[in-house]
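Two complexes come next, and they have one chain in common, chain A, joined by chain B in the first and chain C in the second.
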Partner chain A sequence: MTASLAALDARTRTALAGLLLSMADDEFVIGFSDSEWTGIAPILEEDVAMSSIAQDELGHARAFYELLAALLDDGRDADALAYDREPEAYRHARLLDHGRGDWAMTIARRFLYDTADAARLASIGDGWPPLAELVAKIRREERYHVMHALAWAHRLARAGGEARERFVAALEALVPDAPSVLAAPEGEAALIEAGILSRSMAEAFAGWWTEVAGTLGPLGISLALEPPPDPARARAVPSDDFRWLWGEFTSVRRSDPRATW
Partner chain B sequence: MTEDGNRMIDEGAPVQPPGDVDDPSRPGGVLEPYEVFRQEKDGDPMRHGGNVLAPDPELAVHYARELFGRRGESVRLWVVRRADVNVLEDLDLLQPPLDRSFKKPGGYLMRDKLAAARGRAGTSKPGARAGSHAGTDRRATR
Partner chain C sequence: MSAARTPPRVPDEDAVRDILRGVPDPEIPTVSIVDLGMVERIEVGPDRIEVELLPTFVGCPAQDLIRSTVIDALTPLGRPAVVGFSFRRPWTSDRITELGRERLTASGFAPPAEPAAVRCPYCQSGRVAMDSAFGSTQCRSLFYCRDCRQPFEAFKRV
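And then the complex of A and B:
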């Protein structure tokens, strides 16, 4: 890790830190948000499945925070990075700024996020081996998440009636913010130059949208899409939903900041 | 669905999950039991792990994966719709009332009868016979 860090120039390190933070925060926020279904999912089996997926995401977040902690080397560990920031300092995508809503909203959000996240993970090159190795492992788990999201998207869309109506309404509510996951990170050019990114996020975005349209088209759903916003707008200004979630996931940590867990 | 069978499901009966009975737009859908068989490592037999309730085979596989594979305890799962299982549970066929022990690989169960006969004759149990496969050999070479 130390040797691979030394090989990065200052500009690339800053850009890499930003990329890691946004990926970690995305996984952390959707993991916590979806874990709210534990105990109240539609059926017991789905409760286990959604909780397990949420745990996977928190595990991925921890792994990204650990890489970030090593990169920053400022005395903060993964827990400090995850929990000890004010809501304004989180860099999750705007798509994840929406609360979990009802089941249709959760599935719509998972479908849009998991497919976009897959496109992002597929854009990580081997320029920084610790990240490339981690992403190779994460992609094996995320494959299952996409399968799960697609299975539910198909079910809700084909169910007709209220299920379909709610699902389509949820997609329409979320789609303006969906491209935020694939907004170009600051310093993208440096990341591509260093091989940390193997392609631009604009390319990833185009591939992702083709895939989403290819899934929704046969289901008779067409969504209008805006290009991704710039990073400043894609990942800032937390919503009230997120402020509430932040209050939840930091509450135990804040109850005694000096405790050893 | 648990491995110790805490949640038994009646034989093949579909289950109506809690929708809203007063609201026809929320019928709840129909869940069916799927039986899950798991293999712990390559070459092991597939063993029955338990069952899951699911609305279709695709989600049944997902749920089987979550309940019987997410901790890395399986290398293969078979997920079978219980309604597709051909069941035989007729005790006249499976547990016939007459002595059918001669159909077992060991032949008639003679141990108790032999012991009783020896008791009457006052002889002790003979040692293990040498060349116990001699009969088989003769038959094979005839």
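And then the complex of A and C:
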């Protein structure tokens, strides 16, 4: 990894660090947030499914944080990157700043996130092999998450009644923030030039929205879409929901920062 | 007194692989990490042994345990083992060996296949249904056999 890092210029390294941090924080926050369903999901199979998906996401987050730790080389390991920051320093997308809410909210968020994340993963080029190799593996796992989200989107939308009403209301509440996942990272041009990104996020965004509209249209749901916000607005200013979640996921670490397990 | 002493064997790749055939998957002890196709590279150097493993799932929590088990298992070879996980190529369920597939079935797990081709590991019936793509670990899905009415788990096809 050292050799492949040396090949990157300073500008590209800074941009890559930003990209890795946002991907890691996204997976970490949604993984931790959805793990709250363990034990209380609507049915047993979903308890298992949501816990397994959350475990996948936390594993992906750890792998991204490990790459970031190697890139930054400032003495912090994956755990330090995940747990030892103040809430303001997290760079997860605004979509994930919402609490998990009820089951409809969780499914709406997973549907919007999983499809957008798939578009982002499909935009990673082979410019930096450690990231390209990891993403190739992660995409095989995320395929199951997208199938799960789509199956539930159909189920809730077709159920009618309260299930559909809650699902549509959740989509409407979340969709203004959904494009944040695909906001252009800072230094995008350098990442494209280095082949770390194979296409712009604007291109990924257009493809993603066509897919979302293509799924929801036949279900009789149409949503108004806003373009992705600029990076500064897409990933900043933690909500009260996130501050609460941060208190939860850092509590064990803060109780004894030197503990290992 | 001196005649019975055999000289220490010079370890080679095959000796390492033989030992790894005895390192079990922590959750399915009848299947080894070789059966699962996790061993990507073995290099025996003059002063150390390098083993590169591919994780079945990125977030598989058994990685640290497998790493330490491999290091312990290689101790008798007399040189330090460096064991790492990499994503140099993605582990896929096609890497599970034929023996590995047989051993999975014998332990009550259906080996990976397209959902329509999954067979019940107990009665071999093809009349099975997937209850959920997600099972008790990241690498398994939940199925139900309509013939012997037994729920079972199948390895995910990835």
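For the reader, a short list of remarks on this structure follows.
Simple rule for what comes next: the second predicted complex is superposed on the first by the 261 of 261 C-alpha atoms of A that agree within 3 Å, B and C clash if a C-alpha of one lies under 4 Å from a C-alpha of the other, contacts with A are read in each partner's own complex, and residues count from 1 in each chain.
As a convention for this text, contacts are C-beta pairs under 8 Å (C-beta built on N, C-alpha and C of every residue); 3 or more make two chains touch, one makes a residue touch a chain.
The model shown is predicted, which means the values in this text are computed figures rather than measured ones.
Superposition note: with chain A as the common reference, chain B and chain C are in steric clash.
When both complexes are overlaid on chain A, the residue A:Gly220 reaches neither chain B nor chain C. Of the two partner chains, chain B and chain C are each touched by A:Glu45.
Touch criterion not met for A:Gly247: it reaches neither chain B nor chain C. Look at A:Gly59: by the touch rule set out above, it reaches chain C but stays clear of chain B. Residue contacts after overlaying the shared chain place A:Glu133 against chain C, while chain B stays out of touching range.
When the two complexes are overlaid on their common chain A, residue A:Glu162 makes contact with chain B while staying clear of chain C. A simple residue count on chain A separates chain B from chain C, and the partner touching more is C. In the superposition on chain A, contact of A:Glu141 is made with chain C only, not with chain B.
Aligning on the C-alpha atoms of chain A brings chain B into conflict with chain C at a single listed stretch, 44-52, out of 8-16, 44-52, 98-106 or 134-142.
For the contact definition in use here, the residues of chain A common to its chain B contact set and its chain C contact set are 45-46, 48-49, 52, 144, 147-148. The residues of chain A lying in touch with chain C in their complex are 45-46, 48-49, 52-53, 55-60, 62-63, 130, 133-134, 136-138, 140-141, 144, 147-148. Those residues of chain A whose C-beta lies close enough to touch chain B in the complex are 42-46, 48-49, 52, 144, 147-148, 151, 155, 159, 161-162. Residues 57-61, 86-92, 131-138, 142, 156, 158 of chain C touch chain A in their complex.
Against chain A, the residues of chain B that register as touching in their complex are 1, 17, 25-26, 29, 31, 52-56, 58-59, 62-63, 65-67, 70.
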